[in-house]
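The letters A, B, C and D name the chains in turn, as written, and every chain counts its residues from 1.
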Amino acid sequence: MTVREIIQTHPQPTSLDLEVLIRCIDECSDCAASCTSCADADLAEPDVQDLVRCIRLCVDCSDICTTTGRIATRQTAADAGVLRASVEACATACRVCGDECERHAAHHEHCRLCAESCRRCEEACRALLAALG
Amino acid sequence: MTVREIIQTHPQPTSLDLEVLIRCIDECSDCAASCTSCADADLAEPDVQDLVRCIRLCVDCSDICTTTGRIATRQTAADAGVLRASVEACATACRVCGDECERHAAHHEHCRLCAESCRRCEEACRALLAALG
Amino acid sequence: MTVREIIQTHPQPTSLDLEVLIRCIDECSDCAASCTSCADADLAEPDVQDLVRCIRLCVDCSDICTTTGRIATRQTAADAGVLRASVEACATACRVCGDECERHAAHHEHCRLCAESCRRCEEACRALLAALG
Amino acid sequence: MTVREIIQTHPQPTSLDLEVLIRCIDECSDCAASCTSCADADLAEPDVQDLVRCIRLCVDCSDICTTTGRIATRQTAADAGVLRASVEACATACRVCGDECERHAAHHEHCRLCAESCRRCEEACRALLAALG
(Lines give C-alpha, C1' and ligand atoms only; values in the text may rest on other atoms or scores of the structure.)
Protein backbone atom coordinates (compact mmCIF):
# COMPACT_ATOMS: atom_id res chain seq x y z
CA MET A 1 0.00 0.00 0.00
CA THR A 2 1.85 3.04 -1.34
CA VAL A 3 -0.31 5.47 0.65
CA ARG A 4 1.44 4.35 3.87
CA GLU A 5 4.80 5.45 2.43
CA ILE A 6 3.40 8.68 1.01
CA ILE A 7 1.77 9.73 4.29
CA GLN A 8 5.13 9.23 6.01
CA THR A 9 6.68 11.82 3.67
CA HIS A 10 3.94 14.41 4.31
CA PRO A 11 5.43 17.84 5.17
CA GLN A 12 2.99 18.19 8.10
CA PRO A 13 3.07 14.83 9.89
CA THR A 14 -0.13 13.84 11.67
CA SER A 15 -0.27 13.98 15.46
CA LEU A 16 -2.47 10.86 15.40
CA ASP A 17 -1.05 7.38 15.98
CA LEU A 18 0.12 6.57 12.44
CA GLU A 19 -0.63 2.85 12.69
CA VAL A 20 -4.20 3.49 13.83
CA LEU A 21 -4.72 6.00 11.04
CA ILE A 22 -3.23 3.81 8.32
CA ARG A 23 -5.14 0.76 9.48
CA CYS A 24 -8.37 2.76 9.08
CA ILE A 25 -7.39 3.98 5.59
CA ASP A 26 -6.41 0.44 4.59
CA GLU A 27 -9.59 -1.20 5.92
CA CYS A 28 -11.79 1.47 4.29
CA SER A 29 -10.14 0.66 0.97
CA ASP A 30 -10.54 -3.10 1.49
CA CYS A 31 -14.15 -2.79 2.66
CA ALA A 32 -15.15 -0.44 -0.18
CA ALA A 33 -13.89 -3.00 -2.70
CA SER A 34 -15.45 -5.95 -0.84
CA CYS A 35 -18.85 -4.25 -0.72
CA THR A 36 -18.75 -3.33 -4.42
CA SER A 37 -17.84 -6.92 -5.24
CA CYS A 38 -20.41 -8.48 -2.87
CA ALA A 39 -23.28 -6.31 -4.19
CA ASP A 40 -22.27 -7.34 -7.70
CA ALA A 41 -22.11 -11.07 -6.84
CA ASP A 42 -25.50 -10.82 -5.08
CA LEU A 43 -26.97 -9.41 -8.26
CA ALA A 44 -25.93 -12.55 -10.19
CA GLU A 45 -27.36 -15.02 -7.65
CA PRO A 46 -30.55 -16.97 -8.46
CA ASP A 47 -32.00 -15.80 -5.12
CA VAL A 48 -31.36 -12.11 -5.84
CA GLN A 49 -34.84 -11.29 -4.43
CA ASP A 50 -33.59 -12.37 -0.98
CA LEU A 51 -30.44 -10.29 -1.32
CA VAL A 52 -32.02 -6.90 -2.05
CA ARG A 53 -31.23 -5.48 1.40
CA CYS A 54 -27.67 -6.85 1.18
CA ILE A 55 -27.14 -5.14 -2.20
CA ARG A 56 -28.57 -1.87 -0.91
CA LEU A 57 -26.44 -1.81 2.23
CA CYS A 58 -23.30 -2.86 0.34
CA VAL A 59 -23.55 0.01 -2.16
CA ASP A 60 -24.09 2.51 0.66
CA CYS A 61 -21.20 1.03 2.66
CA SER A 62 -18.88 1.10 -0.35
CA ASP A 63 -19.66 4.80 -0.95
CA ILE A 64 -19.11 5.74 2.71
CA CYS A 65 -15.89 3.71 2.99
CA THR A 66 -14.49 5.34 -0.17
CA THR A 67 -15.24 8.84 1.11
CA THR A 68 -14.01 8.13 4.64
CA GLY A 69 -10.78 6.61 3.35
CA ARG A 70 -10.12 9.76 1.32
CA ILE A 71 -10.81 12.09 4.24
CA ALA A 72 -8.64 10.04 6.61
CA THR A 73 -5.84 10.05 4.02
CA ARG A 74 -5.72 13.84 3.80
CA GLN A 75 -3.44 15.39 6.45
CA THR A 76 -3.26 19.04 5.34
CA ALA A 77 -5.34 21.40 7.49
CA ALA A 78 -7.29 18.44 8.85
CA ASP A 79 -10.48 19.20 10.77
CA ALA A 80 -11.05 16.70 13.59
CA GLY A 81 -14.81 17.28 13.60
CA VAL A 82 -15.23 16.46 9.92
CA LEU A 83 -12.99 13.41 10.22
CA ARG A 84 -14.85 12.18 13.30
CA ALA A 85 -18.30 12.58 11.71
CA SER A 86 -17.20 10.70 8.61
CA VAL A 87 -15.54 7.87 10.55
CA GLU A 88 -18.66 7.57 12.74
CA ALA A 89 -20.85 7.27 9.65
CA CYS A 90 -18.45 4.64 8.31
CA ALA A 91 -18.53 2.59 11.53
CA THR A 92 -22.35 2.67 11.44
CA ALA A 93 -22.52 1.62 7.79
CA CYS A 94 -20.02 -1.21 8.38
CA ARG A 95 -21.95 -2.50 11.40
CA VAL A 96 -25.32 -2.53 9.62
CA CYS A 97 -23.90 -3.96 6.39
CA GLY A 98 -21.80 -6.54 8.27
CA ASP A 99 -24.92 -7.72 10.14
CA GLU A 100 -26.84 -8.16 6.87
CA CYS A 101 -23.98 -9.94 5.06
CA GLU A 102 -23.59 -12.28 8.03
CA ARG A 103 -27.24 -13.37 7.64
CA HIS A 104 -26.30 -14.76 4.20
CA ALA A 105 -22.85 -16.07 5.12
CA ALA A 106 -23.91 -19.72 5.27
CA HIS A 107 -25.33 -19.60 1.73
CA HIS A 108 -22.99 -17.20 -0.01
CA GLU A 109 -19.24 -17.23 0.49
CA HIS A 110 -18.99 -13.65 -0.88
CA CYS A 111 -21.31 -12.50 1.91
CA ARG A 112 -19.19 -14.29 4.51
CA LEU A 113 -16.02 -12.65 3.21
CA CYS A 114 -17.70 -9.24 2.94
CA ALA A 115 -19.04 -9.50 6.50
CA GLU A 116 -15.47 -10.06 7.69
CA SER A 117 -14.26 -6.98 5.77
CA CYS A 118 -17.06 -4.93 7.33
CA ARG A 119 -16.14 -6.13 10.85
CA ARG A 120 -12.47 -5.28 10.38
CA CYS A 121 -13.34 -1.85 8.97
CA GLU A 122 -15.78 -1.10 11.77
CA GLU A 123 -13.09 -2.01 14.33
CA ALA A 124 -10.49 0.13 12.58
CA CYS A 125 -12.94 3.06 12.54
CA ARG A 126 -13.68 2.64 16.26
CA ALA A 127 -9.95 2.55 17.03
CA LEU A 128 -9.47 5.78 15.09
CA LEU A 129 -12.42 7.38 16.90
CA ALA A 130 -10.80 6.42 20.22
CA ALA A 131 -7.51 7.96 19.08
CA LEU A 132 -9.34 11.15 18.06
CA GLY A 133 -10.58 11.44 21.64
CA MET B 1 -33.79 17.49 -11.81
CA THR B 2 -34.87 14.11 -13.19
CA VAL B 3 -34.22 12.35 -9.88
CA ARG B 4 -37.31 14.04 -8.38
CA GLU B 5 -39.49 12.44 -11.07
CA ILE B 6 -37.77 9.05 -10.79
CA ILE B 7 -38.17 8.87 -7.01
CA GLN B 8 -41.88 9.55 -7.46
CA THR B 9 -42.16 6.39 -9.60
CA HIS B 10 -40.34 4.20 -7.07
CA PRO B 11 -42.25 0.97 -6.38
CA GLN B 12 -41.74 1.45 -2.61
CA PRO B 13 -42.52 5.12 -1.92
CA THR B 14 -40.66 6.67 0.99
CA SER B 15 -42.52 7.41 4.22
CA LEU B 16 -40.42 10.56 4.61
CA ASP B 17 -41.69 13.98 3.55
CA LEU B 18 -40.79 13.88 -0.14
CA GLU B 19 -40.05 17.62 -0.39
CA VAL B 20 -37.63 17.48 2.54
CA LEU B 21 -35.90 14.44 1.09
CA ILE B 22 -35.62 15.86 -2.42
CA ARG B 23 -34.39 19.20 -1.15
CA CYS B 24 -31.56 17.39 0.65
CA ILE B 25 -30.67 15.36 -2.47
CA ASP B 26 -30.75 18.52 -4.59
CA GLU B 27 -28.64 20.61 -2.21
CA CYS B 28 -26.09 17.79 -1.80
CA SER B 29 -25.69 17.72 -5.58
CA ASP B 30 -25.39 21.52 -5.79
CA CYS B 31 -22.93 21.71 -2.88
CA ALA B 32 -20.76 18.85 -4.16
CA ALA B 33 -20.35 20.69 -7.47
CA SER B 34 -19.81 24.08 -5.80
CA CYS B 35 -17.09 22.69 -3.54
CA THR B 36 -15.31 20.94 -6.43
CA SER B 37 -15.42 24.20 -8.39
CA CYS B 38 -14.37 26.41 -5.45
CA ALA B 39 -11.39 24.18 -4.56
CA ASP B 40 -10.34 24.31 -8.20
CA ALA B 41 -10.69 28.13 -8.43
CA ASP B 42 -8.75 28.50 -5.14
CA LEU B 43 -5.92 26.51 -6.68
CA ALA B 44 -5.59 29.06 -9.51
CA GLU B 45 -5.54 32.12 -7.23
CA PRO B 46 -2.26 34.04 -6.69
CA ASP B 47 -2.86 33.74 -2.91
CA VAL B 48 -3.26 29.96 -3.01
CA GLN B 49 -1.09 29.71 0.15
CA ASP B 50 -3.88 31.45 2.10
CA LEU B 51 -6.52 29.16 0.65
CA VAL B 52 -5.01 25.81 1.64
CA ARG B 53 -7.58 25.15 4.38
CA CYS B 54 -10.40 26.20 2.03
CA ILE B 55 -9.21 23.74 -0.63
CA ARG B 56 -8.88 20.95 1.91
CA LEU B 57 -12.33 21.45 3.39
CA CYS B 58 -13.95 21.86 -0.04
CA VAL B 59 -12.61 18.52 -1.31
CA ASP B 60 -13.80 16.75 1.85
CA CYS B 61 -17.19 18.46 1.66
CA SER B 62 -17.59 17.55 -2.02
CA ASP B 63 -16.87 13.88 -1.27
CA ILE B 64 -19.30 13.74 1.66
CA CYS B 65 -22.07 15.59 -0.25
CA THR B 66 -21.70 13.20 -3.21
CA THR B 67 -21.96 10.13 -0.98
CA THR B 68 -24.80 11.54 1.14
CA GLY B 69 -26.78 12.52 -1.96
CA ARG B 70 -26.47 8.96 -3.26
CA ILE B 71 -27.57 7.39 0.02
CA ALA B 72 -30.53 9.79 0.40
CA THR B 73 -31.55 9.00 -3.20
CA ARG B 74 -31.79 5.26 -2.60
CA GLN B 75 -35.23 4.20 -1.24
CA THR B 76 -35.02 0.41 -1.43
CA ALA B 77 -34.52 -1.29 1.95
CA ALA B 78 -33.38 2.02 3.42
CA ASP B 79 -31.71 1.93 6.84
CA ALA B 80 -32.54 5.03 8.89
CA GLY B 81 -29.38 4.71 11.00
CA VAL B 82 -27.05 4.70 8.00
CA LEU B 83 -28.92 7.60 6.38
CA ARG B 84 -28.87 9.61 9.62
CA ALA B 85 -25.13 9.08 10.19
CA SER B 86 -24.32 10.13 6.65
CA VAL B 87 -26.57 13.22 6.74
CA GLU B 88 -25.04 14.20 10.11
CA ALA B 89 -21.54 13.95 8.64
CA CYS B 90 -22.70 16.04 5.69
CA ALA B 91 -24.19 18.76 7.92
CA THR B 92 -20.90 18.91 9.85
CA ALA B 93 -18.78 19.12 6.70
CA CYS B 94 -21.03 21.84 5.24
CA ARG B 95 -20.88 23.88 8.45
CA VAL B 96 -17.10 23.74 8.73
CA CYS B 97 -16.53 24.32 5.01
CA GLY B 98 -19.12 27.13 4.88
CA ASP B 99 -17.36 28.89 7.78
CA GLU B 100 -14.01 28.70 6.00
CA CYS B 101 -15.37 29.83 2.61
CA GLU B 102 -17.10 32.76 4.34
CA ARG B 103 -13.73 33.95 5.66
CA HIS B 104 -12.64 34.47 2.04
CA ALA B 105 -15.98 35.73 0.69
CA ALA B 106 -14.91 39.38 0.54
CA HIS B 107 -11.86 38.57 -1.60
CA HIS B 108 -13.10 35.69 -3.73
CA GLU B 109 -16.55 35.60 -5.26
CA HIS B 110 -16.28 31.80 -5.72
CA CYS B 111 -15.82 31.45 -1.95
CA ARG B 112 -18.88 33.64 -1.33
CA LEU B 113 -21.00 31.55 -3.67
CA CYS B 114 -19.65 28.29 -2.26
CA ALA B 115 -20.35 29.42 1.32
CA GLU B 116 -23.98 30.01 0.32
CA SER B 117 -24.20 26.51 -1.19
CA CYS B 118 -22.76 25.04 2.01
CA ARG B 119 -25.30 26.94 4.15
CA ARG B 120 -28.24 25.77 2.06
CA CYS B 121 -26.99 22.18 2.11
CA GLU B 122 -26.41 22.23 5.86
CA GLU B 123 -29.98 23.52 6.36
CA ALA B 124 -31.42 20.87 4.04
CA CYS B 125 -29.50 18.18 5.95
CA ARG B 126 -30.79 19.47 9.30
CA ALA B 127 -34.36 19.49 7.96
CA LEU B 128 -33.96 15.88 6.85
CA LEU B 129 -32.50 14.91 10.23
CA ALA B 130 -35.54 16.50 11.91
CA ALA B 131 -37.85 14.53 9.59
CA LEU B 132 -35.95 11.32 10.43
CA GLY B 133 -36.80 11.91 14.10
CA MET C 1 -26.88 25.41 -10.42
CA THR C 2 -24.27 27.35 -8.42
CA VAL C 3 -21.38 25.74 -10.30
CA ARG C 4 -22.26 27.83 -13.39
CA GLU C 5 -21.77 31.02 -11.39
CA ILE C 6 -18.60 29.77 -9.70
CA ILE C 7 -16.95 28.76 -12.98
CA GLN C 8 -17.63 32.27 -14.30
CA THR C 9 -15.57 33.71 -11.43
CA HIS C 10 -12.62 31.36 -12.04
CA PRO C 11 -9.30 33.30 -12.17
CA GLN C 12 -8.29 31.37 -15.33
CA PRO C 13 -11.39 31.37 -17.57
CA THR C 14 -11.73 28.37 -19.87
CA SER C 15 -11.09 28.79 -23.60
CA LEU C 16 -13.90 26.30 -24.27
CA ASP C 17 -17.42 27.44 -25.15
CA LEU C 18 -18.81 27.99 -21.65
CA GLU C 19 -22.35 26.90 -22.53
CA VAL C 20 -21.14 23.62 -24.01
CA LEU C 21 -18.96 22.96 -20.97
CA ILE C 22 -21.65 23.80 -18.43
CA ARG C 23 -24.28 21.78 -20.27
CA CYS C 24 -21.97 18.75 -20.00
CA ILE C 25 -21.35 19.33 -16.28
CA ASP C 26 -25.08 19.79 -15.68
CA GLU C 27 -26.13 16.69 -17.64
CA CYS C 28 -23.45 14.57 -15.94
CA SER C 29 -24.88 15.61 -12.59
CA ASP C 30 -28.45 14.92 -13.68
CA CYS C 31 -27.57 11.56 -15.25
CA ALA C 32 -25.50 10.40 -12.27
CA ALA C 33 -28.49 11.02 -10.00
CA SER C 34 -30.98 9.46 -12.45
CA CYS C 35 -28.88 6.31 -12.77
CA THR C 36 -28.46 5.95 -8.99
CA SER C 37 -32.21 6.37 -8.59
CA CYS C 38 -33.13 4.02 -11.47
CA ALA C 39 -30.83 1.23 -10.24
CA ASP C 40 -32.41 1.61 -6.81
CA ALA C 41 -35.98 1.53 -8.18
CA ASP C 42 -35.10 -1.54 -10.31
CA LEU C 43 -33.95 -3.31 -7.17
CA ALA C 44 -37.41 -2.90 -5.60
CA GLU C 45 -39.34 -4.19 -8.64
CA PRO C 46 -40.98 -7.64 -8.52
CA ASP C 47 -39.22 -8.46 -11.83
CA VAL C 48 -35.76 -7.57 -10.50
CA GLN C 49 -34.35 -10.69 -12.22
CA ASP C 50 -35.11 -9.08 -15.60
CA LEU C 51 -33.50 -5.82 -14.55
CA VAL C 52 -30.07 -7.13 -13.56
CA ARG C 53 -28.32 -5.71 -16.64
CA CYS C 54 -30.12 -2.39 -16.15
CA ILE C 55 -28.94 -2.17 -12.52
CA ARG C 56 -25.39 -3.06 -13.50
CA LEU C 57 -25.16 -0.49 -16.28
CA CYS C 58 -26.84 2.20 -14.18
CA VAL C 59 -24.31 1.88 -11.35
CA ASP C 60 -21.41 2.03 -13.82
CA CYS C 61 -22.96 5.01 -15.62
CA SER C 62 -23.56 6.86 -12.35
CA ASP C 63 -19.91 6.39 -11.33
CA ILE C 64 -18.57 7.55 -14.71
CA CYS C 65 -20.93 10.56 -14.86
CA THR C 66 -19.91 11.63 -11.34
CA THR C 67 -16.20 11.45 -12.18
CA THR C 68 -16.58 13.09 -15.60
CA GLY C 69 -18.65 15.93 -14.13
CA ARG C 70 -15.89 16.60 -11.59
CA ILE C 71 -13.14 16.58 -14.20
CA ALA C 72 -15.10 18.86 -16.56
CA THR C 73 -15.77 21.24 -13.65
CA ARG C 74 -12.07 21.71 -12.88
CA GLN C 75 -10.47 24.51 -14.95
CA THR C 76 -7.07 24.89 -13.31
CA ALA C 77 -4.21 23.40 -15.35
CA ALA C 78 -6.69 21.37 -17.37
CA ASP C 79 -5.33 18.57 -19.55
CA ALA C 80 -7.35 18.18 -22.75
CA GLY C 81 -6.31 14.54 -23.17
CA VAL C 82 -7.55 13.51 -19.72
CA LEU C 83 -10.80 15.45 -20.17
CA ARG C 84 -11.37 13.95 -23.62
CA ALA C 85 -10.77 10.36 -22.44
CA SER C 86 -13.15 10.79 -19.53
CA VAL C 87 -15.88 12.43 -21.63
CA GLU C 88 -15.52 9.64 -24.24
CA ALA C 89 -15.96 7.00 -21.52
CA CYS C 90 -19.00 8.90 -20.29
CA ALA C 91 -20.59 9.09 -23.75
CA THR C 92 -20.07 5.32 -24.14
CA ALA C 93 -21.55 4.52 -20.73
CA CYS C 94 -24.57 6.78 -21.40
CA ARG C 95 -25.20 5.19 -24.80
CA VAL C 96 -25.06 1.61 -23.49
CA CYS C 97 -27.06 2.40 -20.35
CA GLY C 98 -29.61 4.47 -22.30
CA ASP C 99 -30.16 1.55 -24.71
CA GLU C 100 -30.77 -0.85 -21.82
CA CYS C 101 -33.10 1.52 -19.92
CA GLU C 102 -35.07 2.09 -23.13
CA ARG C 103 -35.74 -1.66 -23.37
CA HIS C 104 -37.67 -1.38 -20.08
CA ALA C 105 -39.26 2.02 -20.73
CA ALA C 106 -42.70 0.63 -21.53
CA HIS C 107 -42.88 -1.28 -18.24
CA HIS C 108 -41.04 1.02 -15.86
CA GLU C 109 -41.45 4.77 -15.89
CA HIS C 110 -38.14 5.18 -13.99
CA CYS C 111 -36.35 3.43 -16.85
CA ARG C 112 -38.04 5.71 -19.40
CA LEU C 113 -36.97 8.80 -17.46
CA CYS C 114 -33.45 7.46 -16.93
CA ALA C 115 -33.08 6.63 -20.63
CA GLU C 116 -33.91 10.26 -21.42
CA SER C 117 -31.28 11.47 -18.93
CA CYS C 118 -28.72 9.16 -20.53
CA ARG C 119 -29.56 10.44 -24.04
CA ARG C 120 -29.22 14.08 -22.99
CA CYS C 121 -25.93 13.37 -21.21
CA GLU C 122 -24.53 11.44 -24.17
CA GLU C 123 -25.42 14.38 -26.46
CA ALA C 124 -23.85 16.90 -24.09
CA CYS C 125 -20.68 14.77 -23.95
CA ARG C 126 -20.51 14.56 -27.75
CA ALA C 127 -20.96 18.33 -28.03
CA LEU C 128 -18.08 18.84 -25.59
CA LEU C 129 -15.91 16.37 -27.52
CA ALA C 130 -16.63 18.35 -30.72
CA ALA C 131 -15.66 21.58 -28.92
CA LEU C 132 -12.44 19.94 -27.70
CA GLY C 133 -11.52 19.28 -31.36
CA MET D 1 -7.12 -7.82 -0.64
CA THR D 2 -10.50 -9.42 0.05
CA VAL D 3 -11.88 -8.48 -3.37
CA ARG D 4 -9.65 -11.14 -4.98
CA GLU D 5 -11.31 -13.83 -2.85
CA ILE D 6 -14.82 -12.44 -3.40
CA ILE D 7 -14.46 -12.31 -7.19
CA GLN D 8 -13.39 -15.96 -7.13
CA THR D 9 -16.75 -16.87 -5.51
CA HIS D 10 -18.80 -14.91 -8.09
CA PRO D 11 -21.66 -17.04 -9.48
CA GLN D 12 -20.76 -15.95 -13.04
CA PRO D 13 -16.96 -16.23 -13.27
CA THR D 14 -15.27 -13.82 -15.67
CA SER D 15 -13.91 -15.11 -18.97
CA LEU D 16 -11.01 -12.66 -18.62
CA ASP D 17 -7.61 -13.72 -17.26
CA LEU D 18 -8.31 -13.38 -13.52
CA GLU D 19 -4.75 -12.30 -12.65
CA VAL D 20 -4.80 -9.51 -15.24
CA LEU D 21 -8.20 -8.32 -14.03
CA ILE D 22 -7.28 -8.40 -10.35
CA ARG D 23 -3.97 -6.68 -10.95
CA CYS D 24 -5.87 -3.82 -12.61
CA ILE D 25 -8.38 -3.60 -9.73
CA ASP D 26 -5.54 -3.67 -7.20
CA GLU D 27 -3.43 -1.02 -8.96
CA CYS D 28 -6.46 1.26 -9.44
CA SER D 29 -7.06 1.09 -5.69
CA ASP D 30 -3.39 1.74 -4.90
CA CYS D 31 -3.12 4.60 -7.40
CA ALA D 32 -6.36 6.26 -6.28
CA ALA D 33 -5.03 6.36 -2.71
CA SER D 34 -1.54 7.49 -3.79
CA CYS D 35 -2.95 10.36 -5.86
CA THR D 36 -5.26 11.52 -3.04
CA SER D 37 -2.29 11.44 -0.67
CA CYS D 38 0.14 13.13 -3.09
CA ALA D 39 -2.30 15.97 -3.91
CA ASP D 40 -2.76 16.48 -0.17
CA ALA D 41 0.99 16.49 0.54
CA ASP D 42 1.56 18.93 -2.36
CA LEU D 43 -0.94 21.28 -0.76
CA ALA D 44 1.16 21.44 2.42
CA GLU D 45 4.48 22.14 0.63
CA PRO D 46 6.03 25.62 0.80
CA ASP D 47 6.30 25.57 -3.02
CA VAL D 48 2.61 24.78 -3.53
CA GLN D 49 2.52 27.35 -6.38
CA ASP D 50 4.82 25.07 -8.41
CA LEU D 51 2.69 22.02 -7.66
CA VAL D 52 -0.66 23.31 -8.92
CA ARG D 53 -0.65 21.12 -12.04
CA CYS D 54 0.43 18.11 -9.94
CA ILE D 55 -2.49 18.65 -7.53
CA ARG D 56 -4.95 19.07 -10.38
CA LEU D 57 -3.85 15.93 -12.22
CA CYS D 58 -3.69 13.88 -9.00
CA VAL D 59 -7.31 14.67 -8.07
CA ASP D 60 -8.49 13.78 -11.57
CA CYS D 61 -6.43 10.59 -11.58
CA SER D 62 -7.75 9.57 -8.16
CA ASP D 63 -11.35 10.01 -9.33
CA ILE D 64 -10.82 8.03 -12.54
CA CYS D 65 -8.91 5.22 -10.75
CA THR D 66 -11.69 4.91 -8.16
CA THR D 67 -14.39 4.66 -10.83
CA THR D 68 -12.39 2.32 -13.06
CA GLY D 69 -11.58 0.02 -10.15
CA ARG D 70 -15.30 -0.23 -9.34
CA ILE D 71 -16.29 -0.99 -12.94
CA ALA D 72 -13.52 -3.60 -13.33
CA THR D 73 -14.62 -5.21 -10.05
CA ARG D 74 -18.21 -5.75 -11.22
CA GLN D 75 -18.66 -9.03 -13.15
CA THR D 76 -22.44 -9.25 -13.48
CA ALA D 77 -23.72 -8.44 -16.99
CA ALA D 78 -20.42 -6.77 -17.81
CA ASP D 79 -20.27 -4.63 -20.95
CA ALA D 80 -16.85 -4.84 -22.61
CA GLY D 81 -17.27 -1.46 -24.33
CA VAL D 82 -17.95 0.40 -21.07
CA LEU D 83 -15.08 -1.38 -19.32
CA ARG D 84 -12.69 -0.66 -22.19
CA ALA D 85 -13.59 3.05 -22.34
CA SER D 86 -13.11 3.43 -18.60
CA VAL D 87 -9.79 1.56 -18.55
CA GLU D 88 -8.56 3.64 -21.50
CA ALA D 89 -9.43 6.86 -19.65
CA CYS D 90 -7.61 5.49 -16.60
CA ALA D 91 -4.47 4.63 -18.58
CA THR D 92 -4.46 8.17 -20.03
CA ALA D 93 -4.92 9.82 -16.62
CA CYS D 94 -2.16 7.67 -15.10
CA ARG D 95 0.25 8.48 -17.93
CA VAL D 96 -0.31 12.25 -17.73
CA CYS D 97 -0.30 12.31 -13.92
CA GLY D 98 2.75 10.03 -13.73
CA ASP D 99 4.66 12.37 -16.09
CA GLU D 100 3.83 15.39 -13.93
CA CYS D 101 4.67 13.66 -10.63
CA GLU D 102 7.97 12.51 -12.10
CA ARG D 103 8.93 16.15 -12.79
CA HIS D 104 8.83 16.75 -9.02
CA ALA D 105 10.31 13.39 -7.96
CA ALA D 106 13.74 14.80 -7.15
CA HIS D 107 12.29 17.39 -4.77
CA HIS D 108 9.34 15.58 -3.26
CA GLU D 109 9.45 11.94 -2.23
CA HIS D 110 5.63 11.75 -2.29
CA CYS D 111 5.73 12.72 -5.98
CA ARG D 112 8.33 10.02 -6.68
CA LEU D 113 6.22 7.37 -4.95
CA CYS D 114 3.03 8.58 -6.64
CA ALA D 115 4.69 8.53 -10.08
CA GLU D 116 5.58 4.87 -9.48
CA SER D 117 1.98 4.08 -8.53
CA CYS D 118 0.76 5.81 -11.69
CA ARG D 119 3.22 3.83 -13.85
CA ARG D 120 2.15 0.51 -12.34
CA CYS D 121 -1.53 1.38 -12.74
CA GLU D 122 -1.04 2.49 -16.35
CA GLU D 123 0.71 -0.81 -17.12
CA ALA D 124 -2.02 -2.84 -15.42
CA CYS D 125 -4.66 -0.94 -17.43
CA ARG D 126 -2.82 -1.59 -20.69
CA ALA D 127 -2.52 -5.30 -19.84
CA LEU D 128 -6.27 -5.44 -19.22
CA LEU D 129 -6.96 -3.60 -22.48
CA ALA D 130 -4.81 -6.19 -24.30
CA ALA D 131 -6.77 -9.00 -22.61
CA LEU D 132 -10.05 -7.35 -23.64
CA GLY D 133 -8.87 -7.59 -27.27
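The rule is simple: a contact is a pair of C-beta atoms (placed from the backbone, for glycine too) under 8 Å apart; a residue touches a chain by one contact, two chains touch by 3 or more.
Treat the numbers as computed from the prediction; the structure is a model and nothing was measured.
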Taking each chain's centre as the mean of its CA atoms, the one lying farthest from the centre of subunit A is chain C
Across the interface between the identical copies subunit C and subunit D, with over half of residue numbers shared counting as same and under half as different, the residues used are same
Dist(centroid_CA(subunit A), centroid_CA(subunit C)) in Å evaluates to 27
Taking each chain's centre as the mean of its CA atoms, subunit A sits from subunit D at a distance in Å of 19
For subunit B, residue numbers touching 2 or more other chains are 40, 43-44, 52, 56, 59, 66, 70, 74, 76-77
Among line, ring, star, complete and other, the chain touch graph is complete
Per the touch rule above, subunit A residues touching subunit B in the complex are 52-53, 56-57, 59-61, 63-64, 66-67, 70-71, 74, 76-79, 81-82, 85-86, 88-89, 92-93, 96
So, in the complex, the side of subunit A touching subunit C is made of residues 40, 43-44, 48-49, 52, 55-56, 59
Note: in the complex, subunit B contacts subunit C through residues 1-3, 5-7, 9-12, 25, 29-30, 33-34, 36-38, 40-41, 43-46, 62, 66, 69-70, 73-77, 108-110, 113-114, 116-117
